[in-house]
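Two complexes, one shared chain (subunit A), two partners (subunit B, subunit C).
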Partner chain A sequence: MAPLYALGCEGSANKLGIGVISHDPATNKTKILSNIRHTFVSPPGTGFLPKDTAAHHRAHFVSVAREALRAWAPPLTSVAVAARTLSLLWGLDLVGVNHCVGHIEMGRVITGADNPVVLYVSGGNTQVIAYAEQRYRIFGETLDIAVGNCIDRFARTLAIPNDPFPGYNVEQLAKKAFFEPDGATEREPVLLDLPYAVKGMDCSFSGILGAADLLAAQMRKQDALLASGGSLKEGEERITPEDLCFTLQETVFAMLVEITERAMAHVGSKQVLVVGGVGCNERLQEMMGLMARDRGGSVYATDERFCIDNGIMIGLAGLLAWETGFRTPFEDSTCTQRFRTDEVHIKWRSD
Partner chain B sequence: MATPEPAAAIQPPPPPADSTSTHEFPLPPILQHPSAAGPAKLITQGAEGRLYRTSWLTPTRLCALKHRPSKPYRHPTLDARLTRHRILSEARILQKCRREGVAVPALYGIDESQGVLSMEWVPGRPVRVEINEFLRRRAENYPHGEGGRGREEVTRDEEGAAPLVGLMRRIGEAVGKLHKAGIVHGDLTTSNMMVRPWEKDKGLTKGHHGNGQEYEVERSLEGEIVVIDFGLASQGSADEDRAVDLYVLEQALFTVVLEAYKETFKAAPVVLKKLEDVRMRGRKRSMLG
Partner chain C sequence: MAAAMETDQFPCVLTVQVPFPTARLASVALQSLQVDKELPPASDANTTGDQDKTLHVEYRATTNRMLRVAVNSFMESLNLVIEVMEHLDADVLAAEAHST
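Take a look at the complex of A and B:
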């Protein structure tokens, strides 16, 4: 049997990703042929509004799709229309894919982790997942906003740039907390007081965001006071954006590692795979590694090419489903935000 | 047209040097001193706590010592804060249960800065072990083939199941008392409930609680249900949390049923495989087609 090829279209958030991937059933080898991404970067202090993001995706997709998209459509719908157009244009099968399953399968192929506990962390999702009986089962998840959303929104509070993405800039600021403003003299970062919200294997981030925003407001008051020649109260700690970013990362990542460890203990696994945009964060990877080492295991993570939303991950998950005979009829090729990870029958795994 | 270069795959991390399951952990400082009662014994190791068996005040009074070791991935300040908070919270919950008449291990002492909590050593075995043994004994005592059974046998079965029904009732009462006291357990499995033999039965057994030896005599399901491990417990009266407690318990009890089913019926694996399909469908066979 000849190698199979799939074209994946991704556009659920501010990344428009299109990629081509192939899989050879005879050798079970996966080959990435292209992985193109164009990111919509919104101005500092703002998030990516669906309207602007959709406009971006439309502008950068094929001209055939652009005609069909003159009217408003949210990002995911825009890309779905474009994918349908390509399918008709080139006479290709359509295969609907669950976004999270795309992340998981891509992470497994790239890292070689065969049956890991998966932490899926992005701007829209926070889930701890383990495979059992042909399902990716959700062991724990956020009870409110996603961890990436919490970090992105805090970046907006501090009005730091969204280029290349807010979480990256929060990470860089957190690294600066280890140095004095001169950038050379080392210092001990200050861990400010933030709530810690873990409940069993679930966690919550909205209260933490609220508390971090309050600390940022207090910092701005200090700025104003010092600018007008005043001085801080005795014993009052000077709050800096660097310490704030450091504290936010240390707190939310500790929560993520804790719930992941609990899931690993529960299913008796020693592998952990981190996927999703927040999975690029080196501090999160480091903390996860320390936890895994203590359990005699290891952490598997990918870099920004694969852990941030991309087209090939959709292509890969689509390809695996296609090989088991799965097709999405044209009239059923809709998309939904309410498509849970554990709804997908993982027919291509039999372990 | 230039052919795009395929992206290089990321190399997976090397496997850990020692990937055996027998990972050695340092003892908490309090257990590193020589003791008349001998070395402490690691009983169980969870995601965040390790339970040791050691002694309290006198070499013969057994105690269960729970240690929440510090986590290397956590910022030391955050780590200390969480450890302290969790030890204190667990101690308060144990105390509250005691006050409200819920059978739990008695709290002996805590060292919240070291992440250590010591409590009464509950004699007896977990509900999971007791039920499994009970079912196995019954299978041995009343061997019946896979064919049909006579009326007499069914009646005898019903009589024989009385201890099990009694045990289930006592589990229900224990959980009811717990929820009535405003405590949600958070991990209500059959491993987190002990069957402590009644005081009157103690004389009948050869073993002695104080020296940590297990009983060796024929056991029944008789005994008091003692709920243990309040590491994930919280004070609260949300019906959602209580319902989750019951759901976890329901799953745990059914697991016992399936284990015994497998031991009894040799075609069980096929049925259990089919059960997975049924579970996946979530309902009866489709009426279509």
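Take a look at the complex of A and C:
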């Protein structure tokens, strides 16, 4: 049997991704032929609104699709409309894909982790997942906002740029907390006081965001006071954006490491795979690596080409489902934000 | 009778007719656009693609404002579908591959 090809279309958040991927069922080899992404970047201090994001995806669909093809010879609904049109124009099957399953399968192929505990962390989702009996089962998740949303919104509070993406800029600021303002002299970063909200296997981020916003407001008051020639109260710590970013990352990542470790202990796995946009944060990968090493295992992560939303992850999960005979009838090819990871029958895995 | 009741409920009506070069493209547009639920929910869309290359869409809504929102949203999606047809249809890509 010849290799199968899929064109994946992704547009569930502010990334429009289209890619072409092939899978050979005979050898189980996967090959990426193209992976094109165009991101809607909103101005500093603002988020991406569905209306503007949908307009972005509509405006760029054709050029991104053409680029994806050239290489080898509300937002999600806009992309679905275009995907349906392509399917009809080309006479090809349409396969609907669960976004999270796309992330997991892409992560498994790229890293070679065969049966890991999965931490899925992005702007819209935060879940700890383990595979059992043809389902990706959710062991723990956020009770309110996603960890990426918490970080993105804090970036808005600080009004730092959204380009290339807010989490990247928070990560860079957090690294600067290890140096004096001169950028050369090393210092000990200050871990400010933030709540720590792990509840069983679940966690919560909205209260942490609220507390971080309060600290940022306090920092601005200090800025104004010092600018007008005043001085801080005795014993009052001078708050900096760098220490704030450092503190936020350390706190939320520690929570994620804790629930992931508990899931690993529960299912007896030594592998942890981090997927989703927050998964390319190197500090999160480092903290997860330390925990996994203590357990005699290791962390599997990918860079931003694969962990940030992209088209080929949709193409890959679609191919795997197609090979097992799955098709999405045209009239059912709608989108929903309430499509949980564990609703998908993972027919292509038999372990 | 039923039609009269419907008119009472949705007094604002707009009919859009979109001619396509071929019946195939009209049918592709119809199928691509009719799957998603209409927003806002109070609007009522009735789409029929006929044999003669024209896409007929009738929008009915309770207020003119809702009608405008629904039709705007339809136009945005229609624009995308036509752009995909123009640049990504199989014959367009084949012709380009041939000429390069």
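Please note the rule applied: the second predicted complex is superposed on the first by the 340 of 351 C-alpha atoms of A that agree within 3 Å, B and C clash if a C-alpha of one lies under 4 Å from a C-alpha of the other, contacts with A are read in each partner's own complex, and residues count from 1 in each chain.
One rule holds for everything that comes next: a contact is a pair of C-beta atoms (placed from the backbone, for glycine too) under 8 Å apart; a residue touches a chain by one contact, two chains touch by 3 or more.
Note that the structure is predicted; figures quoted are calculated from it, not measured.
In the superposed model, A:265 lies in contact with subunit B only, and not with subunit C. In the overlay built on the shared chain, the residue A:305 is in contact with subunit B alone; subunit C does not reach it. Looking at the superposition, the partner that touches the larger set of subunit A residues, subunit B or subunit C, turns out to be B. When the two structures are aligned on the shared chain, A:222 is found in touch with neither subunit B nor subunit C. Residue contacts after overlaying the shared chain place A:82 against subunit C, while subunit B stays out of touching range.
By the touch criterion defined above, A:42 reaches neither subunit B nor subunit C. Of the two partner chains, subunit B is the only one that A:345 touches; subunit C does not reach it. No residue of subunit A lies in contact with both subunit B in one complex and subunit C in the other. Contact residues on subunit A toward subunit B in their complex (touch as defined above): 31-35, 109-113, 133-135, 191, 196, 199-200, 250-251, 254, 257-258, 261-262, 264-266, 270, 286-288, 290-291, 293-300, 302-303, 305-306, 345.
Of all residues in subunit C, those touching subunit A in their complex are 27-29, 31-33, 35-37, 76-77, 79-81, 83-90, 93, 97. In the complex of the two chains, the subunit B residues touching subunit A come out as 4, 6-7, 9-10, 12-16, 18-21, 23, 46-48, 71-75, 77-78, 81-82, 186-187, 232, 234, 276, 279-280.
On subunit A, the positions that touch subunit C within their shared complex are 54-55, 58, 61-62, 65-66, 69, 73, 77-78, 80-82, 84-86, 88-91, 330-331, 333-335.
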